[in-house]
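Chain IDs A, B, C, D, E and F follow the sequence of writing; residue 1 opens each chain.
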Amino acid sequence: MSASELVRGKVPTGVAGLDEMLGGGFPTGHVVLVTGLPGTGKTCLGLQFLLAGCARGEKGVFLSLEEDAPQLLESARQFHWPVDDAVAKGLLKVVRLDPRETRQSLHRVQGELGHELTALGAKRIVVDSVSLLNMLSDDEPSRRATLFALAGACRETGATTVLTAEADPRHPEVSRDGLSEYVADGVVVLGYSTASDGHRVGLSLRILKMRRTAHARTVQPYSIGPSGLLVDAKAIDLGAA
Amino acid sequence: MSASELVRGKVPTGVAGLDEMLGGGFPTGHVVLVTGLPGTGKTCLGLQFLLAGCARGEKGVFLSLEEDAPQLLESARQFHWPVDDAVAKGLLKVVRLDPRETRQSLHRVQGELGHELTALGAKRIVVDSVSLLNMLSDDEPSRRATLFALAGACRETGATTVLTAEADPRHPEVSRDGLSEYVADGVVVLGYSTASDGHRVGLSLRILKMRRTAHARTVQPYSIGPSGLLVDAKAIDLGAA
Amino acid sequence: MSASELVRGKVPTGVAGLDEMLGGGFPTGHVVLVTGLPGTGKTCLGLQFLLAGCARGEKGVFLSLEEDAPQLLESARQFHWPVDDAVAKGLLKVVRLDPRETRQSLHRVQGELGHELTALGAKRIVVDSVSLLNMLSDDEPSRRATLFALAGACRETGATTVLTAEADPRHPEVSRDGLSEYVADGVVVLGYSTASDGHRVGLSLRILKMRRTAHARTVQPYSIGPSGLLVDAKAIDLGAA
Amino acid sequence: MSASELVRGKVPTGVAGLDEMLGGGFPTGHVVLVTGLPGTGKTCLGLQFLLAGCARGEKGVFLSLEEDAPQLLESARQFHWPVDDAVAKGLLKVVRLDPRETRQSLHRVQGELGHELTALGAKRIVVDSVSLLNMLSDDEPSRRATLFALAGACRETGATTVLTAEADPRHPEVSRDGLSEYVADGVVVLGYSTASDGHRVGLSLRILKMRRTAHARTVQPYSIGPSGLLVDAKAIDLGAA
Amino acid sequence: MSASELVRGKVPTGVAGLDEMLGGGFPTGHVVLVTGLPGTGKTCLGLQFLLAGCARGEKGVFLSLEEDAPQLLESARQFHWPVDDAVAKGLLKVVRLDPRETRQSLHRVQGELGHELTALGAKRIVVDSVSLLNMLSDDEPSRRATLFALAGACRETGATTVLTAEADPRHPEVSRDGLSEYVADGVVVLGYSTASDGHRVGLSLRILKMRRTAHARTVQPYSIGPSGLLVDAKAIDLGAA
Amino acid sequence: MSASELVRGKVPTGVAGLDEMLGGGFPTGHVVLVTGLPGTGKTCLGLQFLLAGCARGEKGVFLSLEEDAPQLLESARQFHWPVDDAVAKGLLKVVRLDPRETRQSLHRVQGELGHELTALGAKRIVVDSVSLLNMLSDDEPSRRATLFALAGACRETGATTVLTAEADPRHPEVSRDGLSEYVADGVVVLGYSTASDGHRVGLSLRILKMRRTAHARTVQPYSIGPSGLLVDAKAIDLGAA
């Protein structure tokens, strides 16, 4: 099976080398978990993913639990991404779920959020981060119910979804809550690697899992540069799903 | 005792090299736990196991807690497996247990599921995954009761059963719940190994335990290719049970 | 003190090299814990121990929490052990404690089991496994009470007892419950060792503790072959108790 | 994107080499977490940050949970920093939150503190330490609410904020409470490194995360000398945000 | 300070090399914790300590939580120690605290045990093991109260006391309960060391702490031979308390 | 800043090399935590610190939770320190807080202890150990309140205080309770190091933190000899606070 056979039904991620690793992008309709330690660029990847959609005329929604909308948009402007234009055209919408308003935020996720997302007609959804969402619940069953409700709501809209999650510092390939992996069709891990000079800390990315598609099973270096994340895709070769 | 003596009463797994490691397949009627980290191909192995049965005219049931039926069937189609044909002929049935409907799903597992499975006349059963099943219960005794009920129901039908389970990231040869090993007659571990180039991540498989049969005690590389899992069975030699 | 001085009052284990390590066998009346990870042959060792007794005309009881009697007997038949003959002659009895019948099983262990064992006149007892027995209790005090009751009941019959237990994956020389060591006069650890080819996984055995007898303090390789466990007893030298 | 483009909107930290690593300083309005093991100079960095502001005529507030005001000011005098002058001119204010007055301190953080900070007109805020603040709460939800309230109050004043936190001894790049990272726009880690003589213990610093700005991704040695922290900024090169 | 200056007020332990390490023995009236993994000879050391006293006409009491008196005495007979003679002369008394009679055993330790011990006129006391004693309590405060009561009762009789404790498998120099060290004047650690052939497992001993006396700070090999524990005391040199 | 500039306001510790590492001693009025594993000499250091004060006519108080006064004084006599003389002159007072009288001891620490200490006019205070003090409380908030009350009471007397604490065996540079570091102005860690012969266990000391003073950041060997602790201060060089 050649990688090209599978390219139908792929959503380009906006991250060049990552698309190559995935044989074209995330499979349409997937819920993809992006997990990583602080500073590995999870929020940046989320914005980049949405703006890649906007550039193709696809609507995107950013569910933000960590930052307010103005700060988030300012982050995008740093990369000279046409974020204000996208907002003006109705292609990008930031929905703020304030963790200080615990009850309302939880209620929204478990209730009307699905309808809101469908009404918006989003083709791409980012939730940043499910780790903070999980913190809103005080017990495991409620945490699980919220997460399942959120993933279900996203999936039912037919959009392709990126969930960001903090990595567990003891096992950086696993999310801190240990739950998010269960609702995801794919897992991308952003991590650190020590550079050969023992001084500079490098970034590297790995696709741990991606259902129904061939994907690379390599650890690829990436950088966060003036245009966002960039995966060094040299020597990528694809296996199958 | 030569390995061939034990081949009576074996169920071919559909995974070529794995059958060699097992001296022909899983012993008939066994409950086999397949444990692994995300992306190691547990769901794929489960589908492959059922379709190997369909090809021999054996009925199979896939109890899915992770994915809806359409998505699961789509996964099988990616491998060009005749899954639609199998469903049409009544050889393959996907039973969805939705983790969002906790109470009903638990009730079904502890109640009528045994009768359903028997009525279906399945020779092969897959439960994907017991990790998610365990999450439905909020306390250890209920988790245990559910797991024992499920394994008992499968075993009493006389079918051969594969239970998939997430591995514990701290000890990848142990299931995350630490319980599933107790109900299993066999344990197959799917894991990662670092390739010699330090860059490509390889997959490797090991049979940790398999009651009442000789089996290989080696760590064998495998890949997930266009026809599903394929174990590199070079240099396999069998011990005894 | 020569090893031979202590051979009086020893019960041959049925495992050739292990007997050498013990200077003849388990001391009569001991409660011996056999702990190991899945697939190291704990159940097999238990059956082998009982059948070695049957061969000498000694009655044995197998308290099975993990498997039903037919499956257990089938395991023994795989090794061509005369298990059906032993059952027919009343030398071997399998007592099933079903973990699905939690209350009854616990009640039996804490109540009439001692009388049952005495009435049976067993010289050898195997409990497979105390890990599963411990799971039946929901709190530590009840777990402890059950374990003390079981060990006490076995000890009072005057029989020599083998308790099997799952090893803690973090510390494979310790049982998973961390309690069973306290009721045992001896501890035998079954473990894995990586073979020199880094590919084949070997088995090795160690006597951690054995009261009132000299025993080897070495790590010995063993295999599970057509006649059951076989310890490679080359270079064994005995210390004292 | 050259580093200089981003220098607008930066607040010099008062720590020479750290400013270079950040392309000029902390982004204005950021909440920056400074995490480290005991003795790595967290309080010192906080004081240095405020006094660098005072030198430019910017008001600063030090919320002290660990030390009383006189002791804190004495610490600053040790470095010959003009702390008494700054207090006299109204440029520096120490607010003591006594952990022995748990209820009042918590009440203040969740209540009027925001208004107090705004009224003070502070451009720079230091909270030393959020670890001790977290200890005032007895359960996770209250801990989270307090932390979110504090970070929100600081952020709403428009000031640039430094939160100090004890590092987790098991994972020195993570805060002890595991929560503080969630409210921070940036994370600076102060740590130990063993010197080449195996005897002298060195100090080294790393910027783990800093939103909306390019920053170095290197591990830089630093010392605590007569003028406070000094980062050895040789060989620093900046990536992007 | 020469070691000989401190020999006044020492109780010979009965273990030759250990006495050398201690400059003569345990200080009179000390409560000494002997901690070790299973099979390191803790019970044996306890018996040896008491019989060394009997040989000098000193009364000793063995508080046994692990074994019944007949089994314990049999252990001593294996070493050809004149244990029956000692019992007959009233020099040795075994007091059984049955862990199956939780309430009575706890009651006795917290109540009349002190008077019993004083009435017996014991100069040496062994408690085997405090780990099992701790298991009798279901919560930390009760565990602590029992342990303090026991140590207090022993100390007030003026006798020299040995408490045995299971080592924590994760940190073999610490007792499993993590409490016993707090009531002890001295700590002796019995441990395993891998022999140079990587096959034979050796035993080694270390005095971690011993108040008010000079003691060796070395790791010494020991064996359990026909006369009990024997420490290889070559190259011992004493520091001070 | 030369080390000598800071010598004003220092309290000599009585441990020669440690004073050099601190540029003269502990800063006056500091609360210093001395943490270490069992047998590293914490109690000894505490006594030595107080007797160094007595030699200068400074009153000292030893709050003992671990040992009774007679035993403690006997420990000091072993080092030929003039402890009886100091007690007779009213320069040294041992206050016993018996952990068996939990309620009274806790009540005293949280209540009148501050007045007692002030009335005594102590210039030096030792609390041995806060680990045992922490054990008296059954929950975290009470533990914290007690510790803050104790440290506050000591600090308000103006005396210089040494708190001893058991090290966490998993992270020997951190106290077992993980709280004590928060109330301390300085932390001194006493630890083990393996000697080059792999047999003798050495002792080494490190100043982890010391507010408002320059201190060495090296790991220095020390011994416990006939005059108490002695730090080998060769090659010490001081940084700044």
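Structural remarks
Just so it is clear, a contact is a pair of C-beta atoms (placed from the backbone, for glycine too) under 8 Å apart; a residue touches a chain by one contact, two chains touch by 3 or more.
Because the structure is predicted, anything quoted here is derived from the model rather than measured.
Chain centres computed from CA atoms place E at the largest separation from subunit A.
Comparing mean CA positions across the assembly, the chain most remote from subunit D is C.
Annotation: 51 Å between the Cα-based centres of subunit B and subunit E.
The geometric centre of subunit B is 59 Å away from that of subunit F, both derived from CA atoms.
We define each chain's centre as the mean of its Cα atoms; on that basis subunit E and subunit F are separated by 30 Å.
Of all residues in subunit E, those touching 2 or more other chains are 170, listed in ascending order.
If you sketch which chains touch which, the chains form one closed loop in which each chain touches exactly two neighbours.
Each chain touches the next in a closed loop, which from subunit E via subunit F reads E, F, D, A, B, C. Per the touch definition, subunit F reaches subunit D in the complex via residues 1, 6, 140-141, 144-145, 148-149, 152, 168, 170-171, 173-174, 178-179, 181-182, 185, 187, 206-213, 217-219, 235, 239-241.
The part of subunit B that touches subunit A in the complex is made up of residues 37-39, 43-44, 66-67, 71, 74-75, 78-79, 99-100, 102, 131-132, 135, 138, 166, 169-170, 199-203, 223-226.
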